[in-house]
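First subunit A sits with subunit B, and in the next complex the same chain sits with subunit C.
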Partner chain A sequence: MSDKSKSITNTQVSRRAVLAGGAALTASLFAPKHLRAADFPTEAVNTTGLAVTDDTVTIGILHSVTGTMAISETGSVQAEKLAIEQINAQGGILGRKIEYIQEDGASDWPTFAEKAKKLLVNDKVASVMGCWTSASRKAVLPVFEQYNGFLYYPTFYEGLEESPNVIYTGQEATQQIIAGLDWVAKEKGAKSFYLLGSDYIWPRTSNKIARKHIENFLDGAKVVGEEYYPLGHTQFNSVINKIRLKKPDVIYAIVVGGSNVAFYKQLKAAGIDMTKESPIVLTISVTEDEIRGIGGENIEGAYACMKYFQSLENENNAAFVSAFKEMWGDDMVIGDVTQAAYLGPWLWKAAVEKAGSFDVDKVRAATPGIELTSAPEGYVKVHENHHLWSKTRVGKAKLDGQYEVVFETADLVEPDPFPEGYQ
Partner chain B sequence: MKRSFSSFMTRQDMVGFAILAVVIFVLLPISLDTFRLNLFGKYLTYAFVAIGLVLCWGAGGILSLGQGVFFGLGGYCMAMFLKLEASTPENTSIQSTPGIPDFMDWNQLTALPAWWEPFHSLAFALFAVVAVPVFFAFIIGVAMFRRRVGGVYFAIITQAFAAILTILIIGQQGYTGGVNGITDLRTLKGWDIRTDEAKEILYYVNGVMLFVVLFAAQFIRKSKLGRLLIAMRDQEDRVRFSGYDVAAFKIFVFCAGAAFAGIGGAMFTLQVGFMSPTLVGIVPSIEMVIFCAVGGRISILGAVYGALLVNWAKTTFSESFPELWLLGLGALFIAVVMVFPNGLAGVYSEHVAPRINRLFNKSAADMAGAKTPAE
Partner chain C sequence: MFSDYSMGELGAIFAMQGFAGLILFSVFVLMALGLAIIFGQMGVINMAHGEFMILGAYVTYLTSNFFSAYIPALFGMYFFVAMALAFLASGALGLFVEWAMIRHLYKRPLDTLLATWGLSLILQQIYRSVFGAREVGVTIPDWMIGSLPVTDMIEVPINGIFVMVLAVGISMAVYYMMFRSVWGRQVRAINQNRVMAGAVGINTEWTDRLTFGIGCGVAGVAGSAFTMIGSTGPTAGQLYIVDTFLVVVFGGAASLLGTIASAFSISQAQSIMEFFLSGSMAKVLTLLTVVGILMLRPQGLFALKLRK
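Right after this comes the complex of A and B.
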């Protein structure tokens, strides 16, 4: 009983805090209807033996916190923990506090598979927030499908996938690419594009879609070059020379990880001043997180096409950014994927409450059509294909490492992981 | 059964083999659930590599930092077969070209490359699991040992091979699956390898294969060849001046190590359900040397325990301390090297074996006399 009164006060406190601009994502949607565990007996909401007790529910967090990917994935871990803490402060899910078991994928794909299996088989977690690279997702996918787990995957990725056991909270490739290309063609009158990327599935698939779109849908536009470099490559001088020779209007860059640092520094050193926009640099792989490594002075003036920028101006985002900084430190930056990771626990909460159950099958059935009005990126909705309807935005990199949002699509862009005409 | 091996096994060896058999076939299965057992099955696949390293490095003095190459080649051969079986036109109907592996379709390939075709056959794939690593080991061996490249130079060159193969696999993603590797393997000749039952069966198959490899390694060590290897490690020139073809012996033992690693790789693919370039490169290759060093590079049984211990520690530390586990593992290595330079096998032969011997001599002197008159 005391438990009940305590959680009611909690809600009030949390609403007040939100009004004060302190704690978080609110909740005009969730806070008012506060759910008590007593109304949802454990045996009714958990018929498949998941780790659900009368007052807790356990989920997994599976990212790399060691190894080369740690620098990228740490933001996702932080965002997920923040979301969990905020949900708990509001009284949890179906009256149950979320507890999490964190496992380290160690930037190693077999380890991801091992840990995913551990979380599902040993710990019986009700859902997992995790993975970052496509390779790690591909490695855990058979595990999730075999043991009927439920994964929230935060990264923008190449598409070509639609698993019943995964909710993709980032953009599939067309959501990130098409609107950005349309914008650069219309606003900047770009006609010639030089495609460039790190050599693996995501940049290749993305550039394939970009090329089809440029050649088939943009009037008179053409691709003047397309090149790939191994992951970790740091010598871009030869391609920069080719670019200067071909004089494209746009350098379309999908370089990832450490290569980014070398690429933008060398671009600048070669005398290509991105602020002059000749050529324009448009990327889909540099978030605020990467700029920290590249240095704002090396990328100032480049454009990035994402669904979220830390500088977005809306109430949800203001609350999210300040809560994130309060929890993890003032020098934190928040990139696109970090925000997408933050949506995971909230989307799961909404689906569980809609289903009135933690059972994976019921949560899956309840998931399409779930809406979040409280997302930092704005309103999002889950499509039947398990991806999110999101806006596409273009940001211009500034000296301080932030993006200035210069364009956003008027409507939400429909996710289309198997795009017709782009295969 | 065991007694027929007594010509190449001392009583101590037999005790060691028997204990390991009990551990693998009795203790682990009864004390672990299927998930953990499957993990130990995975650890044991690394033991295949470590055994090969004991022969090459511990006995022959050839330090290879590229054993991951052979592990990977074996694993990829197995994965190619399984992937083709999983890529039936019905399963892949969503692709623009149904019937080819999904990653080929993503990379705009429209037909199966010719060199993939033979991997429709299980017999060929099993043959390739051993033959491909041996073939590459033979080429490397001939190129290096005939020119008398040895020691640290050889180690560096094997590292280069590991790097080259990784880059090749990642770069040729249309043919190899790239960074993602070959994933989502389902059945072996219609038998679902993902079920708990299959995992247990595969664990035992893996155990049996491990013992086959252990016996082969024991045979090599106790044969004249094994003695020559040790002689070469200690005084290569003397062996050469005695008229032996040093390079041929080195090539042989290097190929044997590669074959073992290839078998381990194939067992890995079967039990884990995929293969990726992260198991081929420099880091896993060095890790495999560490398994061997922790186990004690002179003992083939020690290598098995080393692989088990290090990987078990890795899993346990990382589950308990997801952000600090690497430090714990590093401390373990430092401790082993400083306190027990000969690894687990050293601990065994210095502290445990004398006691067992005493026990035997006291209570079973007559038994030993009756059963192994050769001693």
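Right after this comes the complex of A and C.
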């Protein structure tokens, strides 16, 4: 809390200075919460030549809106635009309206790197909201580090990274995995687990952590199978037979993309009724977004471990969901990553205001300890390691494609991108 | 691996695994038949095959929406209407594409590869603009969901049986058209000697167009059926294209029987290996085997003997 009170003090000091000068008395009285650009002369808040003028500041949005990843990234773009619009409606950042330049990564990692360079070098954007897959993040990382850009990355991911130029607003692997496994072991008495995933870094790293946790920390629990299928695999009947043979208590599934839809449809068709919970299906790769493609009837009864569900009941979330639907249409659904993307512009705003500057180095220094009490997922706080403290929740999929929240951790879970004993 | 199980359990698992292999076989046959007609008979490398399938899937999606909105009483039957419409839609698009693009490229087979790949990108973007980037959920009638308990332990997925029946039906229809109808005779005649076929009065242009259209139409029906087991999105067609070419090329491009034999051997190999190994490893071994056999037998499993 100390950080927050400090930021308020800062602004009060500067406002007092203006009042002493006798200027704009009434304006400051009627709009006490707004910071005005005049209090923050451009040459003072921008010493490194970023795209900041006396009344605007430009940021970048870098996601795929074409290609395979467009399915997933569209929600993030929408959430970021909503946050920007809301911030502007409240008077912007340091009295400046946010303008954005949107670039399309086109689901192609070299394109991501090229567009990132364009945003940082040509457009001089003050920060970038962007990327979705780890591959795209890894592609832009050297660019951001070379040109000292500042990226807000929204996706839950495998961890094992901590860049001074990236703020990770999604969960790293341990935040998403451990509490869910503990819950299913304690609450459902699960003893045997079948780990399943698409064949690339995120499912493999996540299952590695899951396996270590199951074998070392859950009493008497064991892993009875672990395997991976190529991305885009569409036939799961053989593995379903194998699962029948091993009779695990839990199928721990990290299948993504088009495979996801095929997996759940075929699981259902094979007569595995997830509502009967034998076996229990626990996933970390299906948000409300994915259920739209899978179909609620095919996944009803499965559990997902996330930090956010659209059905979360609190005032922040109610306001967020209605604002999102108002801006993008009533049929929109909001998944975990979409919410994390929404946090990006707000976290940046808080950091810039605390720093009293748009300079990347000052914003970075101000970032650890930043808190948001207005986040849809509830209270979050930025850790020293640039990840967020947040709660882990378990939701149960319903027929209508929403999750019913059945569990949440009592406290915020500390982000631990390099978990000891799990590697 | 099996020591902990009783004979009954093992029997049940092997029976179900057999069904899994047959279902995979049917899926491969459905995927590959349309391409076998186009690639095998016309020599057109149609990289947009997957997109023609997905058009069928989207038609199914639209039909299901129409039925649930206007005639919910007949919803259980909509799938048959959807498959017919999918055939017509994909077939019509095929006719158009042949007229607008393919016919100009018959003498340049490698260019058709690029052109149809471009076409696949264009179609993907059209789907994305029309239906949105996200996958759509196709509601399947209740009677097609779930499984049929054969014994206590053996359960067979209904959609799998449906795909099998469909694969047999479509194979028979294609066989009949190819070997018993006038059109089929003309297609085969053109395939053997285009100039001569033209000289005896066969309208080669129209036959080509019809062949391409029918191949695309069959792809559309396959796409429609796959809404039961897979995803429907702008790029979902890409999931099938590699396996499809694998089956057709391995079977020997010009032979329909070869396509079926190749679908059978690849599906059985893959499904059995998936059971004993992990998924990625099974795929690697399948591909290696196919590459090995193709090195020894470049013409594929079955080749037509032609006088060149």
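The working rule: the second predicted complex is superposed on the first by the 391 of 423 C-alpha atoms of A that agree within 3 Å, B and C clash if a C-alpha of one lies under 4 Å from a C-alpha of the other, contacts with A are read in each partner's own complex, and residues count from 1 in each chain.
Quick note on the criterion: a contact is a pair of C-beta atoms (placed from the backbone, for glycine too) under 8 Å apart; a residue touches a chain by one contact, two chains touch by 3 or more.
Nothing here was measured: the structure is a model prediction, and the numbers come from that model.
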{"item": "First (subunit B), second (subunit C), both or neither touched by A:Glu99", "value": "neither"}
{"item": "First (subunit B), second (subunit C), both or neither touched by A:Val65", "value": "both"}
{"item": "Partner chain in contact with A:Pro230 - subunit B first, subunit C second, else both or neither", "value": "both"}
{"item": "First (subunit B), second (subunit C), both or neither touched by A:Asp199", "value": "both"}
{"item": "Contacts of A:Leu160 with subunit B and subunit C, given as first, second, both or neither", "value": "first"}
{"item": "Partner chain(s) touched by A:Glu326 [first = subunit B, second = subunit C, both, neither]", "value": "neither"}
{"item": "Subunit B versus subunit C as contact partner of A:Glu371, first or second or both or neither", "value": "neither"}
{"item": "Contacts of A:Glu114 with subunit B and subunit C, given as first, second, both or neither", "value": "first"}
{"item": "Subunit B versus subunit C as contact partner of A:Glu85, first or second or both or neither", "value": "neither"}
{"item": "Those residues of subunit A which subunit B touches in one complex and subunit C touches in the other", "value": "65-66, 199, 230"}
{"item": "Contact footprint of subunit B on subunit A as seen in their complex", "value": "65-66, 102-104, 106, 108-111, 113-115, 117-118, 121-122, 133-135, 138-139, 141-143, 146, 158, 160, 199-201, 204-205, 208, 230-231, 418, 423"}
{"item": "Residues of subunit B that touch subunit A when the two form their complex", "value": "33-35, 38-39, 42, 94, 96, 103, 106-108, 167, 170-171, 173, 178-181, 183-186, 194, 272-274, 276, 278-279, 315, 318-319, 322-323, 325-326"}
{"item": "Complex contact set, residues of subunit A against subunit C", "value": "65-68, 70-71, 74, 199, 227-230, 232-235, 237-242, 244-245, 258, 260-262, 265-266, 268-271, 289, 291-297"}
{"item": "Residues of subunit C touching subunit A in the complex", "value": "5, 9, 13, 16-17, 19-21, 23-24, 27, 125, 128, 133-140, 145-147, 149, 155, 157-160, 226, 228-236, 238-240, 270-271, 274-275, 278-280, 283"}
